[in-house]
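Report on the structure given below.
In order of appearance the chains are A, B, C and D, and numbering begins at 1 in each one.
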């Protein structure tokens, strides 16, 4: 039986990557049906007229989300801008059989005050926040399966938490430093001068040094993992890479007394022993972004530091796939009770 | 029923892209079985130890091609270097049920003297040349279906012929100029100084100006199309682009008296009316490499020239997919009598 | 004695490249003095606050052009947007000792009707058009030396004319096809979605296929060169490259009866025998963009075509230097009676 | 009076960048004279036949270093591969007026045992090691001025030490983590498969995680700065960027009790108050690689960490200029008693 899906907001990089993955799955496995694509400003047009890579694809015409027959939809993916999703989901909520996977940040932070602090506005659907399950698939699979609303994690938050959660108890959190680098698609299709080709190309720079929103997700994840209400502030420095897609996190931390590099590697391997998308690399092997490009995989590597008692951990994902649309599909599989990897079997796009 | 395949030479860019496509198909559609991967120098190892993107993949161990049980194989893909394939295929020929798709140039030129001239050595399996069907899928589908040996076309030759064959009778061939540009993967994984990152990056240059081997294929295709023994020399200038994959051909030609741009566009549309992978774009639309990246598609555009009576045609493909491995899989579908597009439904990888 | 200069509009890519070249010259040769930098919207600020590469540089504060003491300025460079320069220059004209080098397109076309057709508006300073000398340095050096107003050529127009003018009498103009490719800086620092990093990176595409404004300059140049009032329309197809800077023109043409490839190469070598920035490469050598990156040079190559009687010519420049700011400085040298190459001796920035 | 220089080994990226800078200086300032370019394997040829960007340049023919008339040379730059320089310099040593600037690693480590450990071979000129002055210009200017032999620092070692030395006493060294990223030219023009365009492009990866040779220089620098014989091991993780040139170091450290972010920023500003090439950015400003591309500058930024008591420092240089050839020229100025910045006034090459 095929799953009937809708995408709200398909013209951004995240939405179009989701659509690409769904079309591939429809073409090859045939178990998804695309019922609706919505757009508030382009209703009535074919998506292919906006994004020529979809010209000729058999797609529903863009419609207003208010006009969709939601009884015909099993899963709705929200790929709308941050802050605009809450009101839409609040209105969709009465369709009780509808499952919603939100790729925006709107339902990621359980603490509404925290949301307000990081996103600069009050939450517009506070009563639904408690319904949302944070969709880090490898860690919240059971919750995801039972939820009507999945808050798909942020891209950096995914790469960082997959590295950090399995070893959180084994390192001094205060010493954790997360140096991360992301491809340009992480910033979305925004008309900003600093995203022009000539500004980014042949360039590399840190940004958001005063605090990136994804640290709130990471700290929330650490609290959950450690069963505490508060953790010391996470130090996270993102950089912008001159490439399309991929996130690399290079983490430094001091291990707790008695822990060694191989202990951490084993803990990590154990944590992901059942995970088909997360691989803990052998000693001496390190990830590269091209090894995960176009895939839903996360590659982790635990390395000795030159400083006795410290460790370096690398974590690599494709920000548009495992960091967004691929994980959304993985979550769809989880909430439908399908094999976690259904339709996500693609290998790295290399070169 | 699944098709049992082998790949001879899987460690180059073409071979690994073929493997990626096959693994995706196996994972999602489940109708292919990977029986053997061969390597003359690395037999006994797992391909993942050479190409880390395949680490962990369920693959047969690399073996010598002489050790493969060829009775268990339906289709063999040869992704060996030019000039080394002929002898291997000559030895495989006794396995009469085996179908062979050769991605090298070894069987592309029917005229053995022509082969010798362009490739600098005598053909090592001249008796088999007559058995080979040139595998330009859209034009030789019937022949492909009946052949035991398919000579998969060159990447430039594919992009050029798809543009040129439908209009060959409508232009003065002597005036045809093919300005082409290819991504770096077209040169393969060769240890050449001019392929180092710092040499290619931020660079663009013509090469092979004294004659590229693919013109022999193009001229052969024109002879076939026009039913003549000889055509005037084709003018073709390739350039090297600072990107991974994609070929763009920009062709200029004078139309024969009485022909107009819309006539050519219609002729092209008619030629590919049944083709699921070749699209003739609407007037005013032009292709870009990212619209075909990762796909088996060819985008064609016919444009008016500022010169009365002349035309400009653009043709865009992904050199590793439609220009190599994707077309090989399309040909496999054709020779097995499957739907031409089986397992090749992926949309453009963008961004 | 040092030359006192002003730049009108220094925040675009062309203006900032001009400033970079001038600062280098000031630092090393010490023969230029920077009197004013103007900006209509940012007057009062330091350019370094807009363009951090100039933070700390010893620069005049941005001012309104109306406030500049023009008596203190010898040469004004106008790097304002197309269409906005005419009125400014009309007002500056009363400063009779002031020499003006306009990097916009505003004074390039002598035929006012032609200007109106290509730029979509009437010329705002028609009486000055006759005063302007087209600043293709190698061909109009004498005129430049005597003019108060230099219309600096377009980037494509420079690369094309340097290739075409020396052989214009030796080829059938109707057969000339100019396939050109430019780096992204050619489009300027414009907030356009198609100039975002993820749109351009790993991409290549033709554009402006219905006619690019620079063809008007090329046709005007051919008319001048051939002493005719009209030439057949020039066929010119630009493409956008995934790199910062550089233009490559690949030109195909049929030679006139009696002409050979070596005749054309010799004609070209002779035309540029005295030119220090234009090099005609030896037979068999072809240019690449990195060989001219950051330089004021043009590399030309004349190659045999596979078609008897036809020729292929390549022309490579850095669009921001020889195609804009470098040529502007070369023109400044010419109009001041200095050595043409003063301050422009930099070699290719490679890698 | 002009300085007469020779370059030993001009065909690598470092050597050719040095030559480019020297030619620019010769062309514009006229105070250097190029007496010899040596090559052991290509003697007798013109460098332009190997590196076409130098075709046409007025250069001495490549010669064997043994054939150079060293009495005619004031300064010799050695841009030979690591490990091959020691013997050459030992033989040049008898020319007592000759000053030598070695861009290889051969004389950087004062401790010969350390050299042997990191470079895997005994030092071939141990008696000269004591003569060498480590050429980090901003910190060893006086020593450089008096030395006959300058060991030009490694690229990473330059970027790291410029960030670390001024604050070494103010942070807990054990907590220092140096996450660095370099463009591909840092690896030189080596025929390695992992340096091919398709391997590096659209990719990003850590490497040398078990220890990079430049940490030995950094630790040596810290010992010197702190006046101790030994420091705790430095943790340094380099990554490879898909771009030509540039190094960014992102450093995390815990400040010593009583120190604050502004204290460190002030200490840094004070340390470089007299330096014309090192800029400490204002609070809130961070460097990018394009702001230093093509320049001899180092941009430093001191930022608050989200963790109370910790700090993040960024350091950006162009690895080929300040990280190699530019610093070599700065050192030449120092040892000749010229203004430190002579001939090095170029601004950032952007775009």
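Quick note on the criterion: contacts are C-beta pairs under 8 Å (C-beta built on N, C-alpha and C of every residue); 3 or more make two chains touch, one makes a residue touch a chain.
This one's a predicted model, so the numbers in the text were calculated from it and none came from an experiment.
Visitor: Higher C-beta contact count, A-D or C-D?
Guide: A-D
Visitor: Farthest from chain A in C-alpha centre terms, which chain would that be?
Guide: Farthest chain from chain A, going by C-alpha centroids: C.
Visitor: Could you state the distance in Å from the CA-based centre of chain A to that of chain D?
Guide: 40
Visitor: If you average the Cα atoms of chain C and of chain D to get two centres, how far apart are those centres in Å?
Guide: Each chain reduced to its C-alpha mean, chain C and chain D end up 36 Å apart.
Visitor: Would you pick out the residues of chain B that each touch at least 2 other chains?
Guide: 13, 184-185, 198-199, 201-202, 242-245, 288, 290, 351
Visitor: Tell me the shape of the graph of touching chains, choosing from line, ring, star, complete and other.
Guide: complete
Visitor: Quick one: which bits of chain D touch chain B in the complex? Just the residue numbers, please.
Guide: 13, 184-185, 189-193, 195-202, 242-244
Visitor: Mind pulling up the chain B residues that touch chain C in the complex?
Guide: For this pair, the touching residues of chain B are 174-175, 177, 179, 181, 198-199, 201-207, 209-211, 215, 232-237, 239, 241-246, 248, 250, 252, 254, 284, 286-290, 293, 303-308, 310, 312, 314, 351.
Visitor: Give the list of chain D residues in touch with chain C in this complex.
Guide: Where chain D meets chain C, its residues are 13, 16, 19-20, 23-29, 51-57, 184-185, 202, 244-245, 279, 285, 288, 290-291, 294, 320, 341, 343, 345-351.
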